[in-house]
Structure formats: C-alpha cells, structure tokens
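Going in written order, the chains are labelled A, B, C and D, and every chain counts its residues from 1.
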Amino acid sequence: MTGAGGIIARDLKLALRQRSDAVMIVLFFVLTAALFPFGVGPEANQLAAIAPGVIWVTALLAVLLSLERLFLADYEDGSLELMALSPVPLELTVLAKVFAHWLTTGLPLIAAAPLIAILFNMPVSALPILALAMLLGTPTLSLIGAIGAALTLGARRGGVLVPLLVLPLYIPTLIFGVSAVDAALLGFPVRPHLLLLAGILLISLVVSPLAGAAALRQANE
Amino acid sequence: MDAFQTFIDMGSYGSYVWPSYGLTVVIMAWLVMSTLRRLRNREQELARRQGEFPARRNRGGATDTSGPNTSEDAASS
Amino acid sequence: MSAFEARNLACSRVGRRIFAALDFTLPAGGALILRGANGSGKSSLLRVLAGLLAPVGGELHWDGKPVNDDPEAFQDNICYVGHGNAIKPVLTVHENLAFWSKLYPPKSAEGYDDLLDQALETFSLTTLRDVPGRQLSSGQSRRLSLSRLITSPARIWLLDEPSVGLDDVSLKRLEAAIAEHRAGGGMVIAATHTPLDIADADLLLLQDFAPPAIDPELLENSW
Amino acid sequence: MAFDYFANPARFLRLANAVLPWCVGATVILLASGLYLGLFVAPADYQQGESVRIMYVHVPAAWMAMFVYTNIAIASVLSLIWRHPLADLAASASAPIGAAFTFLALVTGSLWGKPMWGTWWVWDARLTSVLILFFLYLGHMALTHAFDNPARGAKAAAVLALVGFVNVPIIKFSVDWWNTLHQPASVFRAGGPTIHPDMLWPLIAMALGYTLFYITLLLLRIKSDLIGARLRTLDSLRQDAA
C-alpha cells in the first residue's frame, strides 16, 4: 500500500508545486459559467432555473480540460513504464493517480461551485445538496476521464480525441447530478438521485482501473 | 394515372416517407459501393504485385525484377 | 542456482518481425551486452525481458521456471533503465529518488535513508541532492536514473544505452557499480553502442537473430 | 497488421467466399419482399396514416445500431482476452456500418416524428439514446484511426468499446428516467406487440434483410482488410529486400 500512497503523495506534491494548473481549472469553471448570463440574459428567475445545469456542465468541461495532466507527463518522461513494472499493480496505480487528480480538480470545483450558485441567484438552501452531489459525481468524472486519457496516449493529437470519447459517458452523471439539485430546489426527496450517483460511482470505481490499466499496458508496448 | 399519384402522395405524408426510403437506399448503396471499390482496388493491387516475389520454382535468388514500383498501398483500412 | 534464460524468443513491432529464434542463458553474476544496428531490436528485446512488450513467440525462464507462470513475481527481480529518465522537473534529486525507491522498496526497511545517500554518492549526485530536476544536465539526469539501480533490490539490471551522456568519471562509476552488482550474484543485460568495459561479458549480436527472409512459397500457400 | 498475426487467413477466406453468394441472395430477397410488403401490402395506421411506413426503415435501423455495437463489443472481448487475430478486423470493419445504421435511425426517426410533433427533433428517450450511441460509434472509429500502428488503434478501440458497452444500459436508463422527468410519455409509439400482423411481417423481413446486409458487408470488408495487411507485408518485405 505504501507504493500507491507514494504515488498519491508524489502527484499531490507535483500539483502543489504547479499550483497554476489547478487554479486555471477553477478559473475556467467560474469564467465559463459566468458567460451564460451574457448569452441567456441576466433575468434572475431564468438564471436560477438553469443554474444547476450550467454548474454541472461547466464542471464537466473543467474536469475534461484537466485530464491531460493525468498520464501524459508520466508517459513522455518514462515514469509510466516504471510504474507498470513496479510491484504496485497498475490498476492500483491508476486509482491512486485518479484520486490525486480528483483532490486537485474535483475538490476545488466543489469549493468554487457556491460562488457560481450565487452569481446565478440559486437559492442558498440547495447548496449543501449541490456540494454532496458534486462530491459523488466529480470522482466519476475523473475515473471515466482517466480511461479516455489513457486510451489516447501515443495517439496523433490525442488531446482533441478525449472529449469525443469521454463526454457521452459523462451523461448519466450529468443527468442525476442536475436532477439531485433540482429535486432539492423543488422540495422533492433527494435521496434517490444521490443513490444513483453513488451507484454510477461504484461502477466506475471497478471499470476505470481495469480499462485504464489495460490502456496503459497498450501504451507501454 | 391517379392511382400512381395517390401512391406518391402517401396520404399527404409523401414528403416524409420518400426521403426516409430514399436516404436509406442512398446510404446503403454508398456502403456497398465504398466496400466493393476498396476490395476491387486491393485485389487488383495484389494481383499486380503477385509476381513481386518469385515463386518457389526459380528460387535462384532472382532479384526483384519489377524494380521498386511506386504503387501506393490502396487506402489503408 | 538462479539463471535467466530466453528460449526461441521472437518479437515483432508494428507488424514486422524484428528478431526470431533468440536464445541466451545468463548465469548468476553474468553479464550480456547487446549489440546491433539501430532498429535491430535491442530496445525491443530489453522491453520483452522486462515484460513491457509481449513477445510473439518463445519463453523466458527464471530459476528454471517459466516466467509466464507468475510474471508479477518475476518483475520484482527486474530493474529497467530505459531511454526515459523518469525525472520530474519540479521534484528535487532526492525527492525523485525517494519516490522511485518507495515504489521499488529495497529489501530491508531500516537504513533506508542512508541507502538513498549511498545511491546518490555512487553516481556523485550528493552535491545536487536538493537541486530540482529541471536544472539537471542530461548527464546528471542519466546518473539520477541509474542511481535507482542501487536502491532497488532487483537481481537483474536491464540497461538501455546506460552510458548515453555520461562523462568518463561517471562511466567508471557505472562500470564499478555493475561489477559490484555482479559480484553479489546479480545479472546485467545492457544494450549499448559506446564500449562498456565489463569483464568477461557475453556478447549477443541482434543481426544473428534477424528474421529469415520470409519464404515466398510460404507466402503463396497461405492464400 | 502483422503478417504472422494472420499466419493462415485462408480458412476464413474459404468460409467467406462460400457464404457470400448466399448472403447476397438472401439480403436481396428479404429487402425486396420487406419493401414490397411495407409499401404496398401493409395497412396504413389509423392515427398516423401512411407515415407509419417510415417504421419499416426506421425500426430495423435502430435495431441494427444496437446489434452492431453489441457485435463490436463481442469482437473486442475476443480481441483483448483471447487475442483472436480476426476480431480486431471485425470490429474496425463493423463500426462504419453501425454508424451508418445509427445515422439512418436518427434521420428517419426525425422524419417520422415531424408530422406528429411539428419539429424535426424531439428529445424523446429512444431518439436521444440513439444519438448518444452515434457519438459512441464516432469515438470508436476516431480512436481506431488515431494511431500510426493500426494494431494499436484496434486494441485501444476494443477497450473503449467494452467501456462503452458497459455504459450503454446506464445511459439508456438515465435518459429514459430523464425523459419521463421532463416530458409526459411521448405519443410516439413505434407499434408495440399489439401491432397488426400485416405490419409485423415487413418489419421482420426488413430487420433480417438489414442483418444479412451487415454480415455481407462485414465479410467483404474483412476480406479487403486482410488483403490490405498482405500488401503491407509485401511492402515491408520489399523494404527488407532493397
């Protein structure tokens, strides 16, 4: 376990030393969301109605933007080969890297989401549910995104390909993420939506390391 | 004459039914054409280059007489 | 008596056969130098031995047992130094080495720190201990990559062009480290162009195992 | 594709050449009879009138979209786990055909819906799922051709196909759920089991016809890819000889 812990610690240290990446992702998140009032009009009720959807879609795109950071640097400098050969199973390595990625991407997004909620005049009462839903949803985005990032290693212009591979798979998380917040706003029970998000997270926790490791082994060949 | 006309007219839905069938025929035909064209190109290419490597009979190290022809490999899959 | 054997190894890359029917036996303490023109498959062979690349044919044996029975267990005996130095520009020399030795834990936990220092000392990197990776020259980066050999418990060293960018002093240190490793019963397989002074090393020329020109007749009847 | 990878494609070619004439014949007969029954014999729908005839090209296309994707997933398992040499070819040959059927399902679906809903596109649960499936196909094809080494592309696409296949039921469930949340059950019912038998026969004929059409094209495309692989081998041998 120390091996995987070492990977998480190293990736966190790398992220802390290159803080600008994480900051850029959060700025992108807030800035993109802030564009909508200019497009849709500043009318408060209308913004409040689309707020959950905008927050989730922009969070999705922000995570998408940060996926390249997951494996590309390690692939290019040879670290990936050494990680594949290490006693730490590759599946665990993928999980460790995704966890580190989530800490440096998912959490900052959750922290920044209330700011956007206020910009969109979303009732403050729904904020806890929004945070909880994102807590369950953003790890799934990192997990599925890791598969896309691993599959495009060594591809011609892999970065352009990741969105096409990954976005269709993000749709269930998006649907239930938004519906959870909507339910909170309308006073409906929130539990079913959160349970569904948790279910998708569990499936991703199994599928992503397997598929990611298989993709990394192909990349190392 | 009008029997044919009513058939085309399709109870006023003609402008939806015929494009659907038309597009289906067009796309399926295009699939067939592109597949057959690529297959034929490659088969011709293969037939033409069959002689590139002398068969067993004159194995006396006959050099590649046809010279480095510049045929491009047909569209790769 | 543990030995490392390859039997009838064959490998292909992007659909083209690179080498075939390749055999070698490496006793404990042995060394094998791979020579061959560029693209003759030296790196591919090392990657096959390390388990990164699946061979198209043939088998590897360790201690008489086929490696495929338990590839993960065999990989614990491997320390692979490839072309990439795997150095993070933001981490210091010590942090880079500490990370890799955590991923490839040395046999004994105690004396961990001075093992790291000893590894850095072996490749005269002690003075650069806290220098971030981005400020290292290519030779220094190579020495940091090689210092992983010292901390890793692996018995088999797979070195791909280890001496690239090394100055004479570092070259001597590398040769000394190899000799010491072999004295301890370890094995070294190195692909290199620059002559490495390694005592009574076996030589393996990749050209000897180039694939036979495919028999046109075989090509014919396959249709 | 590596030459030694297909040391002996002859067995497949013999099988393909034997089966192909029958496939072509059956496809033509089925499609012709399906079209004839669908356009001339089958009754119009009491609600939708003649526009229901679009069903005979829309429903089989939607079935094929799912059927071909399932085939790609199966081929991916064969390729990744049993390393079957032809599996990669079957998957990369099937994807364009599947994508074409999915596109057909989308367009004919919207053409069929237009008279009813008055708009070209409705976020109906089924149409939305087919749209997402279309993106999965595009992703698969893009990944297959994103690498210089075709074998590498096929293996990567195989992993993607399996991940996609695991997600399809989740997507289907979430879209259906999302659809019922935002829209009352759509009036657009593509003829359930109570369908009039005269409508059922053309549907079955067309569905079988589409399936055989796919199999025929698949065999032809695999044959063509095998020859392509052989040509690449000849190229590399010529380089060696030169």
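Keep in mind that, in the parts below, a residue touches a chain if its C-beta (ideal position, glycine included) is under 8 Å from a C-beta of that chain, and two chains touch if they have at least 3 such contacts.
Predicted, not measured: the structure shown is a model, and the values here were computed from it.
*Asks:* Among the remaining chains, which ones contact both chain B and chain C?
*Replies:* Looking at chain C and chain B together, the chains touching each of them are D.
*Asks:* With chain centres set to the mean of the C-alpha atoms, which chain is at the far end from chain B?
*Replies:* Ranked by distance of C-alpha centres from chain B, the top chain is C.
*Asks:* Chain A to chain C: how many Å between their CA centres?
*Replies:* 37
*Asks:* Report, in whole Å, the distance between the mean C-alpha point of chain B and the mean C-alpha point of chain D.
*Replies:* Roughly 19 Å, centre to centre.
*Asks:* What whole-number Å value describes the gap between the mean CA coordinates of chain A and chain B?
*Replies:* Whole-Å distance between the two chain centres: 44.
*Asks:* I'd like the Å distance between the centres of chain A and chain D, where a centre is the mean of that chain's Cα atoms.
*Replies:* Taking the mean C-alpha position of each chain, the two centres sit 31 Å apart.
*Asks:* Can you list the residues of chain C that touch 2 or more other chains?
*Replies:* 219
*Asks:* Mind pulling the residue numbers of chain A that touch at least two other chains?
*Replies:* 221
*Asks:* Can you pull out the residues of chain D that are in contact with at least two other chains?
*Replies:* 148, 150, 230, 232, 237, 241
*Asks:* Under the definition above, what is the set of chain B residues touching chain D in their complex?
*Replies:* 10-14, 16-17, 19-21, 23-24, 27-28, 30-32, 35-36, 38-39, 42-43, 45-46, 49, 52-53, 64, 68, 73-74, 76-77
*Asks:* Which chain A residues qualify as touching chain C in the complex?
*Replies:* 2-3, 6-7, 10, 13-14, 17-18, 73-74, 76-79, 81-89, 220-221
*Asks:* For chain D, which residues count as touching chain B in their complex?
*Replies:* Touch list, chain D to chain B: 35, 39, 44, 49-51, 53-54, 57-58, 61, 89, 92-93, 96-97, 100, 103-104, 107-108, 111-112, 114-115, 150, 213, 217, 220-221, 223-225, 227-228, 230-232, 234-235, 237-238, 241-242.
*Asks:* What residues of chain D sit close enough to touch chain C in their complex?
*Replies:* Going by the criterion above, the answer is residues 1-10, 13, 148-151, 229-230, 232-233, 236-237, 240-241.
*Asks:* Which residues of chain D touch chain A in their complex?
*Replies:* Chain D residues touching chain A: 80, 132, 135-136, 138-139, 142-143, 146-148, 152-153, 155-156, 159-160, 162-164, 166-167, 170-171, 173-175, 177-178, 181.
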